[in-house]
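Below, subunit A partners subunit B and then partners subunit C, in two separate complexes.
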Partner chain A sequence: MPLLCPTGLSPLATEAMKKNILLIFRNPPFANSSNSDTLDIALACSAFELPVSLLFLSDGILQLLNHQQAELLAQKDLRKRLNALAMYDIEDYYVIDQDLIRYQLSVEDLSLACKVITQQQLAALIRQFDTVINL
Partner chain B sequence: MIFSILIYASSNSSQTEQSALRFTRAVLQQGHSIHRVFFYGESVNACSNLIVTPRDETNITEQWLTLASAAKLDMVVCISAAVRRGILDGAEAKRHNKSSANLSEGFQLSGLGQLADAIIMSDRTITFGN
Partner chain C sequence: MNKQQALALLDDEGYLLDLALWDQELAEALAKVDQFNLTSKHWEVIYIIREFYQEYQLSPAMRPLVKMMANKYGAEKGRSIYLLKLFPQSPPKQAARYAGLPKPLNCL
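So, the complex of A and B:
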């Protein structure tokens, strides 16, 4: 006999709803549309109540810099949408310490409150997630 | 095991989409199932019925359609990625007042919610990105 869950969903369905997702941003802003497309996936998954975390890896960390002048490039910047993430309950963001050092940045320079992990912790972080999307 | 496939790379400038097609075939041959194939980003260009492939090259759209009809694949194309690249079905062509539609029969335009649904419903979601 399958156990009944308090939510009324079958155990399988509840298990599926719990599936957590890591989205990886690897590209600098304005290089191509992958950061924007990844952000759209984050919002869509959040609308389906999937827990979403974001990892800004390598050049992707530059996406978080303030004072970008997108209009000079006739592009749209992601800042407004990134700042709205908390409203979608997406509040789990990661960067790697080596990437901060490489660009001589500190977490205060970033537009989101990111957790800093080491390169060695990266594999363990990725392993925590059921689904990882890296466009 | 239930798989879903997310394709992001361009079929014209990389091998990635061909890899996705082969992976999908291999999954089915091994007795697993495919919940959905989701086309996103540049990959939506492969869903146009206006593609003319040189005679000595393979037409990936036809390969997807052949596989889809044999395996009853659900092939969904991200509507916003498609419309901005000029890939329109009849309804979108009408809505945006365009003279013709060019989405190959066998693909469906829909939103990213279909990707979220695929992630929920599948044991593995495999991305074929850049």
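So, the complex of A and C:
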């Protein structure tokens, strides 16, 4: 059953605006606020029922590692908030195989269940989306 | 706690400044400021929201709140219409206020 639309817009109006969006996380955790901001965008898109996919690219893959000691930096750990994504019906996550190799990681090391694609598939993936946001 | 004391603990938008101060009594006081009556059904939502915050460090928007309610209390209560009847202003915002949590950021 669809959620009541809190904007007061009719479901048809929101349907027409619906575009699929790819959000790219490309910075390591704690580098700046870009990963946190990108996550905020993802959650906001969910409120508008916009379909969102997430790509963790390059150093961005490090955001998905467990056992980060955010308290040592007196910063907030994004991990708990990332775990909320499924509750917002955002469940489409990607990483690139080369980034896994570069950091000697396997998908099991990542806190979200990501699909692994190749560098070649990356271009095709990005082309699938109406909007790509890369902070 | 009188109205003045309760209001002094809130930010401009009516959310608790120091989350650690929250208890049931404070929630009742905040509701009283709004002349709002908290029933056991409201408390179910308030505790769900606090649980969500504990787990995800976020005040939930409508969609995850509905999902949480459905998971815990079943399909009948896991519906936006059910929540809107309890909290007519906006279930995520109003319940977050009484739950002593920050304003949900991604809630319209």
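Just so we're on the same page, the second predicted complex is superposed on the first by the 117 of 135 C-alpha atoms of A that agree within 3 Å, B and C clash if a C-alpha of one lies under 4 Å from a C-alpha of the other, contacts with A are read in each partner's own complex, and residues count from 1 in each chain.
The definition used in the following text is that a contact is a pair of C-beta atoms (placed from the backbone, for glycine too) under 8 Å apart; a residue touches a chain by one contact, two chains touch by 3 or more.
As the structure is a computational prediction, the values presented were derived from the model and not from experiment.
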First (subunit B), second (subunit C), both or neither touched by A:D40: both
Which superposed partner A:D89 touches (first subunit B, second subunit C, both, neither): second
Contacts of A:N134 with subunit B and subunit C, given as first, second, both or neither: first
Touched partner set for A:K19, first subunit B, second subunit C, both or neither: first
Which of subunit B and subunit C A:L50 touches, first, second, both or neither: first
Partner chain in contact with A:I101 - subunit B first, subunit C second, else both or neither: neither
Partner chain in contact with A:L73 - subunit B first, subunit C second, else both or neither: neither
On subunit A, positions contacted by subunit B and by subunit C: 40, 43-44, 47
In the complex, subunit A residues that touch subunit C: 1, 3-4, 6-7, 40, 43-44, 46-47, 76, 80-81, 83-84, 87-89
Contacting residues of subunit C [partner subunit A, same complex]: 52, 55-58, 60-64, 66-68, 79-81, 84, 90, 105-108
Footprint of subunit B on subunit A - complex, ascending: 16-17, 19, 21, 32-34, 37, 40-41, 43-45, 47-48, 50, 131, 133-135
Subunit A-facing residues of subunit B, complex: 6, 8, 40-41, 80-81, 111-113, 115-117, 119-121, 125, 127, 129-130
